[in-house]
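Chain lettering (A, B, C, D and E) follows the sequence in which the chains are written, and residue indices restart at 1 in each chain.
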Amino acid sequence: MSKPLVFKPINIARWLIWSGFAILLIVTPLIFSSGGSLSLLSQIGTVMIFGLSFNMLLGQGGMLSFGHAVYSGLGAFFAIHAMNLIAAGSMVFPITLIPLIGGIAGMCFGILFGYVTTKKSGTTFSMITLGMVELVFACSLMFPSFFGGEGGISTNRVIGQSFLGITYGPQIQVYYLIAFWLFISTIGMYAFTQTPLGRMVNAVRDNPERVEFVGYDTQWVRYLTLILSAFFAGIAGGLSAINFEIVTAENVSAVRSGAVLLFTFIGGVGFFFGPLIGAVIGVFLTVMLSDLTKAWQLYLGVFFILIVMYTPGGIASIIMMNLRVAKFGMFKRVWPAMWKLVLAGAFTTFGIIIGVEMLYQRTLEATQSSIINLFGVTVDTASHTAWLVTLVIIAVGIFACSRLKGGFSRHWGDVNTEIEEQMRRAQA
Amino acid sequence: MSGFSLELKEVRKSFGSAEIIRGATLQVPKGERFAIIGPNGAGKSTLFNLISGRFPITSGDILLNGESISGLKPYEINRRGLSRSFQITNIFHRLSVYENLRCAVLWSLGYKYSFWHRLGGLKDAHERAEAVLEQIGLKRRRNITAGLLTYAEQRALEIGITIAGGADVILLDEPTAGMSRSESDAAVELIRKVTVGKTLLMVEHDMSVVFGLADKIAVVVYGEVIACDTPANIRNNQKVKDAYLGGHAPAEVE
Amino acid sequence: MSLLTIKNLNAFYGKSHVLHGVDMHVNPGEIVSLLGRNGVGRSTTVKATMGQVDATGSIMFKGEEIIGLKAFQIAHRGLGYVPENRDIFPSLTVEQNLMLGEKSGRDKNSKPRWSMEDMYQMFPRLRERRNTQAGVMSGGEQQMLTLCRTLMGDPDLIMIDEPTEGLAPKIVELVAEYLKELKNRGISVLLVEQKLAIALEISQRVYVMGHGSIVFEGSPADLRANENIRKEWLEV
Amino acid sequence: MEFTLITLLNGVSYGLLLFMLSSGLTLIFSMMGVLNFAHASFYMLGAYFAYAISVKIGFWPALVLAPLVVGFLGAMVERYGLRSVHKYGHIPELLFTFGLSYVIVELVQLIWGRSTVPYPIPAALDGPLFTLYTTTFPMYRGFMMLVALLMLASIYLLLTRTRIGLVIQAALTHPDTVEALGHNVPRVFMLVFGGGCALAGLAGVVGGNAFVTEPGMAATLGSIIFVVVVVGGMGSLAGAFVASLLIGVLQTFAVALDYSFVSLFSVFGMSITASAPGYSLLSLTIAQVAPILPYLLLVLILIFRPRGLLGTREG
Amino acid sequence: DTIKIAYIDPLSGPFAPVGQNILNSYQYIADKANADKWAGEHKFEVVGFDNKGSTQESLNVLKTVIDKGFRYITQGNGSGVGLALLDAVNKHNERNPGKEIIYLNHAAVDPDMTNSKCSYWHFRFDSNSDMKMEALTTFMAADKNIKKVYIIGQNYSFGQQVTRAAKEYLARKRPDIQIVGDDLHPIGQVKDFSPYVAKIKASGADTVITGNWGADLALLIKSAKDADLKANFYTYYAATTGVPTAMGAAGVDRVKYVGYWNPNNETFSGKDIVEGFKNKYKDDYYAIATYSVIAAMSQAVKQAKSIEPAKVAVALEGLNFKSLNGDDMMRKVDHQIQQPLYIATWVKTNGKDVKFDQENTGMGWKTNQKIDSFVASQPSSCQMKRPG
């Protein structure tokens, strides 16, 4: 028996998930409370909104945009100009609602640019967006009064009266502002997926031609979606303006657009929550890692390539696969093989990281000294033993991985076959 | 106003220098089932493409319920009550079967580009989709991703999407292609059921389907309608025999 | 000795097991039909033979094991395949499609059995549209094109998956004629067909497939006589 | 006059360098559908290898060897990377090359450091080719133009005299079928990708010493070659050629022209002062808007002629 | 105690070579200072943080380093970034009294930073672009061969400032000199300067003034050579990493720079550092702002008897100290260093007045003139808000 979809006025699971999300947002800064992690969290929050809005296009609408930063960036510029106007006393508006200005600006540019870009789909769409972002970026130097030239526009978010002690001076207050908007925006964007337009844009992604024959104008579907997505991107932009108190031309650049694409893809475009994961990982990789190691770009590149090659569904798909296995109560069966493989993988990674760090020390920092501190151990990159040990670690790791891989994928395959079999039986 | 659902007047279509449709004229009265037959490459699918707005016509005119629809976009034509299926399956392969059907009914129920309605709350859309699901016999496959359906099931879904919007002029392009005898029999039943009171235009090579369903048969050869008559008359029409049916009797040997 | 011998063939799509031990063979110069309901695995059998589906078991072609070989290696050994969904190359012209049928690195001296001219004679319609993009051709025209394209590769055994789908009755007859002609030219044919009438008319032997294995083997006459098999495995 | 001629020559030679880069990209893009974001990185590799080789055994061997090495690397990238991504579709392929560009830059810096390397123009080609009025036209620029033209001719021959192009186009949509017809599709893909990369490598060999060989050289040229490929028409080699020249000449001339709307109006006797509304817009000179011209062209082309100048298909 | 200085500059991307060289310089000097106990028992530690050349990223890094407990930051490569950091430091210090940080500017030379935007927490150890232009034009004014000047620069705050100052000062000192053209091009993006050179040539200029640096300068000079442009180049940054290599013999006798130092100075002061640095890093030491910063800081902490920024800032104001170019002073009104400037020309090394070559090219900088502090000194419009 298939269970027909009935309308439950209250969907318990959904309530649980949303309240869990809210609680998570509230509690996280209490755990990671240092100034640095707070600003990191704030940044993650804005990137999350940005990523979700990007995924409205890519994941739900099949529109690969290389220029999404245009909307968030222009939103940010409008937001920051608004803040400066408030500071100058020529405008009265609560800071809390500044992101809305960003959103509306983003939306207006969505209306303007989207009209042109969404005329086309597929690769042509991508290419127009690439041209558009380069265009806006190049313009930024031509109109210094708006874009502030190379140095950007800066502001001070502590303006106006403090309301209930909220000045947005301390980072924690900014964090909660972002968390609030993140929560609202996430609900908004999730709700969008559950509307007629949200569903039709899925249909357009799958088969635009057929959509035309069930009464919809695909261009309008894409256009409207883009406008809404640009609105949320603008909110993200407004928040980043408050968070950084500066907006530069980089905010409207192809680099920024590329970054959101990377993050979202790493997170997983196939799932609504993929961009949330992507934002965490992406910000971690680009902001944190570059403090820890010189080789961060290499790690980022390699990590990304591995994701593309082995889990094109992103991290979200790994999580979902494991959850599914767990749900069917078969996790026990894959676990013994899994932990061994994960361990071996971690060991290999460990070896490779040591190798890479030593290599960097040797070539780029050779002039400094050959000594490097890795995981609390001092290693001399000039000594042969150090290299030998590293190579042995890597070799052992790779050997172990290749030995264990077969067993794991067999178990994994079996389990998934069985699950699919069970599901099929449930269907039939 | 004429009593015809669909009327083709001297329709012509050229691709580059090749004229594919050479002055096709056809009148389909309301509520009748028409079959279109003709050799491969005669222009049957092209005719459908012209009627449904997929391609613009080169000259001539097409009337839907007495109004000209030439030059309109496919979605505009669809909104005026004409729906079509495709010879090569054309469904939303990453959506579930149910979602495929729900997408197909949204416009006709007036939800347009709404992003303020909650899909889950649209009772009428839900009921329509469920009803069609039942009709095309895919209830059990409701939540399967459409791309994973078997070929025959996809063909059924193709028909389902076409009829779901409740259009009163329906164009089916080889609805039973690739189906086995029994499946195509079922498909014929389905088509018969869902087109009651509607105008149907259908391209088919399977003569048992054609003769089983059609009130009238139009024969297209080289971009022209060379004959349009009742099945009995067509069966005995020498011109048709030469051009299309060949030595074989219309009904399969089986 | 038979040209193609399949023994205990098991095939998988990812993890789903579709063929459960298929045994069959095709002799030189014979037309063999593979019948069965939709979805029983006939196309899969052919694809597995062509190396396009993961399979285990044994497939001997001209006395050589070909399982595990790549599709292009199999094609070079003289096996031709006409896929069921008319995989024409839409952006290429008809003539370019036919050109791609010719094998690369073929022996320049040996004259192939077929020339492009033969193809155009067989289906004049193709000649008319030789410079058209194949993607815009009618369904039936595409079907003709796939058949010809494979013939251009000069196979010794050609496996054809539902060649008559979407063809007008007159053309269907024509195809049947040409299949017989292929046989006369010494090419063996493995035909996967839905239209029973044709299959029974032109083939020397038929196999009936059910649930991923062979459930009947015999002459067309045997099958006509065997009401049970027909009832159980072919009709509803 | 001197100025116009020299600027035209400069534009053409810059355009031809762009063509060397974009031809490989076009080849890969049109045949495999892969938007190779790492293409400029292979250009950089070409320059660095040429530097490394020319230090040891001279420029002329490097001219031959460096592209071969780059081509080989490209083929390996296809074989062990792209090929396994291929089945997921074009977006992951594109992203793969995107990630690759990060890795290549890092590796280059690991091996050759973060600064410019001294990769000089060979002595035999150093010096003026001819003097136009008072301006000398360097011999090396002439050499670059020659290499580009030879390259154009040989690619053209390769594509029209062999069936490889057909096989690849067909394999784009139906790889299984092409393979069943007896063509070794994976190998062809590998060759094409390697070949395209080798072309980029060649551009690097001749471009690296004409300009500067440094780790940032890939990033600066990256997006402009996409403009070329798209404007020319995806997959059209002739289009890439025309677009390269067009953009080369356009950019070269644009930076030299100090005209703005203000100067235009003043021709008609109207003078616009800084207080006029929109003055900042009206006073922008062509030289100032030069950086946006290629992108403006790109957007306009895509809107009004999505196939590109000489392209045959859309998207 | 350890004085931890966070070095926030590009260590990856196109500007990494310069960033890395200066970080090395800092660390080399810090080691030296620690070994020779410049600051008594206090030690220096300079830690590099990559800002990827981006303003926004710099602000992220700033937050991180503050979080890590750094109280001193130093930055220089790019006035755009500098202005943003200045602003952020001000805000931080305002919001976190008692946890102030100091911004030690080693190279961002936009004059605004010590004029309209000056800050109590910012100290600049490089002469600003107006000062350098003052020196340069004074030198040029004496050369009667200069008749037509062309100005070209990168389109960002520093490049714009150079253009403005050049026009202003030349008009003041040599009204007869004609400015035959000026151009601003996008920073770090132009690969082929031949169109610009054609333009310069068409204008008939005999002299070019440019604030370009890095590849933008190298390429410009190379193109000029190719087209046989017979003009002299007056630059700011022809001595920075990468330029000498790219310039090679092409620039001999034709390229000059104005800067706060030249290794081939009258007494070869700093000789041991140049040699020691080259030994250690196979690279040239040229950024003596690193020396000035460490020297001034050493003296300031000794004076303040504390490494607490609030106290050190007081000591730094108006501080007189010795650097490799002589006696320097951190002017109190605007926190702009006052130091001598050098003008030098690119020539073959000769072992006499040009001992040190650059980047192993066999060519080096010959001092033309040393210009005393007061000559280049500029008035300041700074209205500094001092705490308390």
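As a working rule, a residue touches a chain if its C-beta (ideal position, glycine included) is under 8 Å from a C-beta of that chain, and two chains touch if they have at least 3 such contacts.
Being a predicted model, the structure only gives us computed values, none of them experimental.
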item: Chain C to chain E, fewest steps along touching chains; value: 2
item: Chain pair with the higher count of C-beta pairs in contact (A-B, B-C); value: A-B
item: Chain C and chain D, separation of their C-alpha mean positions in angstrom; value: 46
item: For chain A paired with chain D, centre-to-centre distance based on mean C-alpha positions, whole Å; value: 31
item: Distance from chain E to chain D - Cα centre to Cα centre, in angstrom; value: 35
item: Where chain B touches two or more other chains, by residue; value: none
item: Numbers and ranges of chain A residues touching at least 2 other chains; value: 138, 141, 297, 364
item: Of chain A, residues touching chain D in the complex; value: 64, 116, 119-124, 127-128, 130-132, 134-135, 138-139, 141-143, 145, 254, 258, 261-262, 265, 295, 297-298, 300-302, 304-305, 308-309, 312, 359-360, 363-364
item: Chain E-touching residues of chain A, taken from the complex the two chains share; value: 34-37, 39, 43, 138, 141, 149-152, 154, 156, 158, 169-170, 244-246, 248, 250-251, 287, 290-291, 294, 296-297, 364, 367-368
item: Interfacial residue positions of chain D with respect to chain E in the complex; value: 2-3, 6-7, 10-11, 14, 109, 114-118, 120, 128, 131, 134-138, 140-141, 211-212, 214-217, 219-221, 251-253, 255-256, 258, 287-288, 291
item: Complex interface listing, chain B residues touching chain C; value: 15, 18, 37-46, 87-88, 150-152, 174, 177-183, 205, 207, 244-248, 250, 252-254
item: Residue ranges of chain A touching chain B (in the complex, touch as defined); value: 2, 4-5, 7, 191-192, 194-200, 202-203, 205-207, 209-217, 220-221, 224, 228, 427-428
